[in-house]
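For clarity, chains are labelled A, B, C, D, E and F in written order, and residue numbers in each chain start from 1.
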Amino acid sequence: MIARISQRVFQQILPHPILSVALFMVWMLMSSPAGTGHATIALIVALLVPQVMRALEPDRVRVRSPLAIIRLLWRLFLDVLASNWNTARIVLGYRKRTRKAGFVNIQLECSNRYALACLAIIVTSTPGTTWVQYDRYSRVLLLHVLDLRDEDDWKAILHDRYESLLMEIFP
Amino acid sequence: MEIILAIGIGILTASGVWLLLRPRTFQVIIGLGLLGYAVNLFIFAMGRLKAGAPPLVHPGKVDTSAYADPVPQALVLTAIVISFALTALYLVVLLTARGITGTDHVDGHEAE
Amino acid sequence: MLTAPAHMPDLPMWAAIAVTALCIFGALLALVGSIGLKTLKTMYERLHAPTMASTLAMATIVAAMIIYFSFAEGRLTLKPLLIAIFLTVTTPVTMTLLARASIYRDRVEGREGVPKDDM
Amino acid sequence: MNQALLLLIPFATPFIAAIAASFLPTKARNAAATLASAASLIGVIALLCLYPVIASGQVARFAVEWLPTLDIAFRLRLDGFAWLFALIVQAIGALVVLYARYYMSPEDPVPRFFSFLMAFMGAMTGVVMSGDMIQLVLFWELTSFFSFLLIGYWNHSESAQNGARMALTVTALGGLCLLAGVVVLGRIVGSFDMDVVLASADLVKNSPLYLPALCLILMGALTKSAQFPFHFWLPRAMAAPTPVSAYLHSATMVKAGVFLLVRFWPVLAGTPEWGYIVGGAGMFTLLFGAWTAVFQNDLKGLLAYSTISHLGLITLLLGMGTPLALVAAIFHIVNHATFKASLFMAAGVIDHETGTRDLRKLSGLRKTMPYTAALAIVAAAAMAGVPLLNGFLSKEMFLAEALQAPEGRDFSLMVPILATVASALSVLYSVRFIHQVFFGPPATDLPKSPHEPPRWMRFPIELLVLICVVVGTIPALTIAPVLGFAVKSVLGDATPYYSLSIWHGFNLPLLMSFIALIGGTTAYVLFGKRINRADKAWIVGRFSGARAFERAMRWLNISAEWMVLQLGSKKQQWRIRVLVIAAILAGLVAAGFGGLGMKEAGITIQRPGIGFTLIWIVASVCALAAAWQAKYHRLAAVILMAGCGVVSALTFVWFSAPDLAVTQILVEIVTGVLLLLGLRWLPKRSVAMAPSKTDFASRRRRAMDIAIATLAGLGMAVMAFAVMTRPGGSHLSSFLLEESYPRGGGRNVVNVLLVDFRAFDTLGEITVLGIVALTIWALLRRFRPAEESRGITEQRRVQDRHDKQHEQRQSGDTLRETMLIPSVVMKWTFPFIILLALHLFLRGHDLPGGGFAAGVAMSVAFILQYMAEGARWVEERLRIRPLYWIGGGLLITTLTGMASWLFNYPFLTTYFQYGSLPWVEKVPLATAVIFDLGVALLVVGATVLMLTAIAHQSLRTAREIEPVKAPEEGV
Amino acid sequence: MTPSLLEHLTILPIILPLMAAAIMLLLKEQRYKTKATLSLAVCAAILGTALLLLQEASVGGSGGSDTARVYSLGNWAAPFGIVLVADRLSTLMLALIAVVGAAGLIFALARWDRAGPRFHALYLLLIMGVNGAVLTGDLFNLFVFFEVMLAASYGLLLHGSGEKRVRAGLGYVAINLTASLFFLIGVALVYGTVGALNMADLAARVPYIAAEDRALFEAGCAILGIAFLIKAAAWPLGLWLPGAYSAASAPVAAVFTLLSKVGVYVLLRLSMLMFHPDSGDSAGLGQSVLLVLGLATVIFGGAGVIAAQRLERVIGYAVMASSGTVLAIVGLGQANALGGALFYMTASTLASAALFLIAEILVRGEDRAAIGSDAFFDDEYTDPFEADDVEEVGRVMPRSLALLGAFFALAALVVASMPPLAGFIGKLGIFIGLLEGEGASLPASWWVIGILTFSSFATLLALVRFGIEGFWKRDESHALAVRSPEFVAIGGLIACCVWLTIAGGAALSYTEHTGDWLTRPGDYVAAVLKGRL
Amino acid sequence: MTPAAIVYWGTGFAQVVLALSMLVSAWRILIGPRAQDRVLGLDTLYLNAMLLILVHCIRMSLTAYFEAALILAIIGFTSTVALAKFLMRGEVIE
């Protein structure tokens, strides 16, 4: 009972704890060099601003497995490096003949909005792939790929490297 | 630097004036926009060009020659805001006129 | 002989070189992106090019900035990270939207080279 | 009684009566008439009371200060001449009032009539009694004005409208000239005081400004007294009710002109210019008027032209410039007033009783209206100059003077001959009048059956005719003394000897009189029938002054229209082109065609950087392309314009204006959204609509515009360059840089400028923003989109159709899917943008940022939500009341400013302290922050209001054409 | 700073309307009564303030000397902060604004304030802008207040909507935006060369501008001048005026008569301050241009008055001509005639405002179609012109036509500057002033007199024509419905004209004194800068 | 060469490169051919401008300009989103 009340109070005060943390950190970054004064303000901001989010009724964010997040970020970092390299080469005309660009339809498994959003961000942030269209009913993603060697390759990369991790993070 | 900015202001002005003299309201609004840039930069130029010297002073004795002239900057700020507001207004007026008169000619009717 | 203007604080040579290299690398990468924007043949191919600027180029320049100002101000300055965070989150939004819009337009106009099954 | 008061009575009473009459009920005929006659009688009595003063040769004066700095006062000045004139005005006025009481129909709203009449009387008295030239002009114009109202009294009648308008036009124009003339005269003399002016004859006549003054004053006098070629308004003015004609066109209005000539006679007369102009105009008018009068078939028309002719006679006398001629003129003024007033009244009676004024229809009225006939015949005889009547006496004097015309002049012989001819003509029309109306067989086809008018309607005529007879028979006992001091008051010591006896022996004038009488009568006998048949006057009939006037007016109209067309344009492009050309010219001329002092100032220049050059190539290309594309590719133009915006923001970064860069970028973003919101309502303009071939004119116009644009650009570039390359730094900026921190409490000088040094500018600037938002919002509430943009957009239609075609999908799914990912991000950026706004706000005073930037950033946060989820969704969840934000922002800023009053400081004085709140280290606590908060609130409100007002249009349901309601079923 | 609330008098005309407008935005739209009351109270307060200041200005400072009341905003002294300066001229303008503003407001209370949303707020903000423009002593702040005034005028011009207004608004906004850009360019150049924005500071510095900077400075002033000439509606820059003013709703058109006068005011103020005979090489800059353009404006206005087919346009052209008159006098540089010109300006502004109000009543029947373009959206804001509710008709006042006719006649006499009313005194003052001293030997004086006489005549012609049309040819069938506020408004303006005539001595002596004060810019500069430099 | 000089000249060079990059993206805005190409060009222009500002911060050794870049990073995408949505739906806010 008490636990439930305290949980509700907690929800009242901190409707989006992750957001609050993020806001706190962003504020501290923004106002660097930040001393205690700014920390106070950051705290107030972190407590007050999420209240506004109540009005916008976003879906609740539930994040599991922080480790997976770090793994995801690391993978993303590596892929971004690699694909930057590839794309630069393509742009500079190294692989003019052999390259073929095109669309790929990929059947996705996850349906969590946040997971999809993260996937979209990841895919699009990686030079060489762009998230074009997603069908909610069929869960098919239309992807554009700059260097389309093998469709299945891309499907596999997407599923194995990212989607599985994301499904771990956003159950 | 001065010559580049001066030429730039000139080209913005010329483009803006050309559009201002066109018969279509949308051309006029774009012209006003371009002229707005030109005029803002012109005001800004009146403070002379100084790189790396924003007027953010440090407490204590101020070496006024080490800072860009803040006055034109303040004037430009005001001008930006006002020209933004008036662009919005002209936009709405031109939309209304397009709806009521059935034409986008600046006279509110097609030229004879 | 190249001389530094008076306003620039001194920093270790390695840092200076790192900052310079990162900056130049980032800038060149951004340039490559823009060149891609110009040279690539279709709209969808061109979409990929500026991503280099918004990812790696941005990252190197942000890194350069962090290094530089950490030395210049004598303490760790992570503020430029904000740019990295926000740009990473927001750029994809525009790219996907733009891709979606152009595929819609291409389909409506019945252009070649786009999957046709949907709007 | 007090002399001043006595002077004031005849002047003021009519005005008081006029005002009083205007308050009477519409039908109060008797009350109004009583009021008016009482007023004029009081005036007469007051004047009579002043007789001893005047008779003793004194001048009665009364003055009140009015415009001391111009040396203009309200001065009443009554000398003999003025007294005589005022008496005529008031006395005949009284008679006309009595007459009008019976003349006007009971249905007429006569109080108005009497009100106008009294006002006119007052104005006329004002003219006569003016002791100040300006005041004279003032009342002069008032007489024009009230005569306009009187002539147009029957305002439903078109002839009344036209007659009134013509009379006003001509006489007011004369009045304007008179004003100018009087000002010049005053300049010569150095005073407007009539006494001073009248005593400065030599000064005036020797002045180089004499001729302009004379011409201008004569313009006034001659138009007013209907002298050729300005005579034409008078016949048209006959559209007035007859009492008005009887009053205005015998004794008052038209006499004002000759009054003026007499008044200024001592100062202006006697020069050859005077002689030629005044004499010439008089002579011509005399003959022309008489000749035309002969041919008039309308009773009042005849009298009108006769009046013109007699005024010509008086003018001619005045033009002669001799003292004796002046005596004759004054005498004839009086005589003409009496006989012409009575004739007009008689004509009115005839009109009233018979229903017509047509001489050809009227006949034999002596049978049915014997008494009136007798009176009219006597009066007409006086007009013809029959002996033993007053007209004879003055005409004798006129003929005598005509003989005295100074020798050596070319026309010396012509004058007496023409004078005799004119007299004969006068006899002719008088005889024609009498014979046509009263003799012959009684008319049978008159609209009404005539009989004698009521007793008191006749009385004024009787009295006037009596005066004609009495003056004509015993002038020495009646008019002589009055005429004596009237003449003396004008001529002073120069008063000549003259005799008013009826018999001067057989002399040349008498002979001429007889020739005229016999000649006139004979002519009538010989030509009477043919004259009756004539449509218009022989010879001169083809010339119509009125037509000339109307043609002149039409010409004036046409040329005015032409001028407006030539010197102006309805085309906005033309107008703006003129503005730009004007600005270019202004700059060029003022700068002395290129000499911008660049050589002298010396040029200190920074070497152009490659990067900077490159970004400006971007901006230039964008600008030129935007100019090229804005007509058919609006979206491209918007994008290209944004390119220019980016570069100008970069320029601000480059040259040390971080605040500007921040603001420019923010505004750029909002403007982009705004233009796109607008584009939705602007139907496409397709290239196909362009004319396939551009004609030469439009090519030339474009070439010209390119030239203008190039010049403008060049001008701006040169000026910018010239300023930038010379040393800068002002005392102003030095002060601000130095004092910003110690006295403004902020390190960011630009921000301190905005919220402290020049906070008042900011207050105005946000007010502009608020006003514009309000205006946009108001305007869009009645928004009516373009035909082509109504309903949902093409894209939405296609996508909705697609959604409907697929079974699983619902309408709107395409949108939902499209926004699925973006809306997540856009939603979650909301708190971070709020953070950014707060950040910008709080650091503003010391670092780049500030209330405005914070406000725009905040509004972008809202707009993003609108874009992500749609207006309805957002507004169901976030109740944004932009008007409150605007109002609140304005209130906060203003109240912050006013708070300084509590500490006895001027508006917007800021207070700051480097406070240390617990946990918060040194943070500047300035009231400027509160001010900035108001700014931010307003900016949020205004920006959101503007954007959402446009956005809301998509939500509004189009009004359907209402179906015709089925009639409800009966019970 | 003396601790007295009276010291803050100068700023009241600006912040009172601002505050009231802000409060109105917080009120619901339906609360007309509250808003009307508030507006009236503010107008009354402004009028009171203006009269107090006028009284002070006419009495003068200590020892009867002329002073300028200087109010340093933010307590920053003159060249560094923004100051408000209430001297004889600005106070005169202030009083004129207060009177015309109050009249327009009262007139609007009869119906116009409900013809569109937020009328009162916009109206008060317009008054604020105009007041600010005449009070400020700072060039850039002048720009800001011009913009406040113009922004509100855009809103008010479009108030009531309809095709006519929107079309007119399109041109009006574009022209004025262009003018504002010129204004900015001019201010920028002035700052770039002189380094000052305060008018007094500028005036003090003009004689000492370095020779090589002078050309640029003068180019800036010339461009600035063009901007003001556009606002003052000088030919050929002011062609926008008749169309815009005649399209506006009556109370708005009435206050608009002030706007062009503000343009004239600024030209007068700046040219007298900066280019007076002692101002070194720049003395008399642009005077001949002002003279020529002023006269051309009078001629063009006169022609327009004759050619115009609608009464509102006639008045518009008359307003142009009246601007031109004052401009010509400023350009002539005859200080003696300045007093007359100011007097004339005051009187003609009052009367043309009255005429705009009368004109609207006269054309009310015809204009219905123009006001209510058919609405497209069904959640339309309903305004009183579309609804045929009973209150609309109003009680027909007995003799309303006669009274209105009398008002029309009186106003027409003033606008045509015919005797006996105030317009005549003004023109007389001009004539006499022109011919004083050496003036009589200047051909320009005679040209001015001739052209002004022509314009009087033209105005008279046109107004007589429209008077006959409006009052004599009036169809008996549709009676004139005039509400009492409308009578009060028009009557008030006419009463002011009459008062100006009767008390012409005092009023003229005030304006002449003002003209004299303007020819001594040194005193102004001293008062503003208080010896600081 | 001092370290500071290296940074100064290096960043100067980077700026030139970035400006060149802007020029190239402006080319895309200019030639299109389609609206979405122009939008993409504009987005790239914004991006490059932001990088340019960051490099300028280093070059001038001033963080004062940082906020301009930060704003571009956080809300700069608004314009592009609006443009893209306009292309997709014909209106920005429904």
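Definition applied: a residue touches a chain if its C-beta (ideal position, glycine included) is under 8 Å from a C-beta of that chain, and two chains touch if they have at least 3 such contacts.
None of these values were measured; they are calculated from a predicted model.
A comparison of the C-D and D-F interfaces places the larger number of contacting C-beta pairs at D-F.
Every chain gets a centre from its CA atoms, and the centre nearest the mean of all protein CA atoms is that of E. When every chain is reduced to the mean of its CA atoms, the largest separation from chain E belongs to A.
Centroid analysis (C-alpha atoms only) places D farthest from chain C. Annotation: 47 Å between the Cα-based centres of chain E and chain F. In this assembly, the C-alpha centroid of chain A lies 23 Å from the C-alpha centroid of chain F.
Remark: chain A and chain E have CA centroids separated by 61 Å (rounded to whole angstrom).
Between chain D and chain E, the centres computed from C-alpha atoms are 16 Å apart. Contact of a single residue of chain D with at least two other chains is seen at positions 570, 572, 576, 580, 609, 612-613, 647, 654, 658, 716, 719, 723, 728-730, 732-733, 736, 757-758, 761, 765, 768, 772, 775, 779, 783-785, 795, 799, 818, 821-822, 825-826, 829, 832, 836, 847-848.
For chain E, residues touching at least two other chains, in rising order: 140, 144, 147, 151, 154, 158, 161, 170-171, 174, 178, 185, 189, 191-192, 197, 373, 376. In chain C, the residues that touch at least two other chains are 5, 7, 33, 35, 47, 49, 54, 79, 82, 86, 89-93, 95-97, 100, 104, 118.
Every pair of chains in contact is given here: A-C, A-D, B-D, B-E, B-F, C-D, C-F, D-E, D-F. By the touch rule above, chain F contacts chain D in their complex via residues 12, 15-16, 18-20, 22-23, 26, 29-30, 32, 35, 38-39, 41-42, 45-46, 49, 52-53, 56, 64-65, 67-68, 70-72, 74-76, 78-79, 81-83, 85-86, 88-94. The part of chain B that touches chain F in the complex is made up of residues 51-52, 54, 56. Here chain F touches chain C in the complex through residues 1-11, 13-15, 17-18, 20-22, 24-25, 27-28, 34-37, 39-41, 43-44, 47-48, 50-51, 54-55, 57-58, 60-63, 66, 69-70, 73-74, 76-77, 80-81, 83-85, 87-88, going by the rule given at the top. Here chain C touches chain D in the complex through residues 86, 89-90, 92-93, 96-97, 100, 104, 108, 118-119, going by the rule given at the top. Residues of chain B touching chain D in their complex: 1-24, 26-27, 29-31, 33-34, 37-38, 40-42, 44-59, 62, 64-65, 67-71, 73-74, 76-78, 80-82, 84-89, 91-96, 98-100, 102, 104, 106-107, 111.
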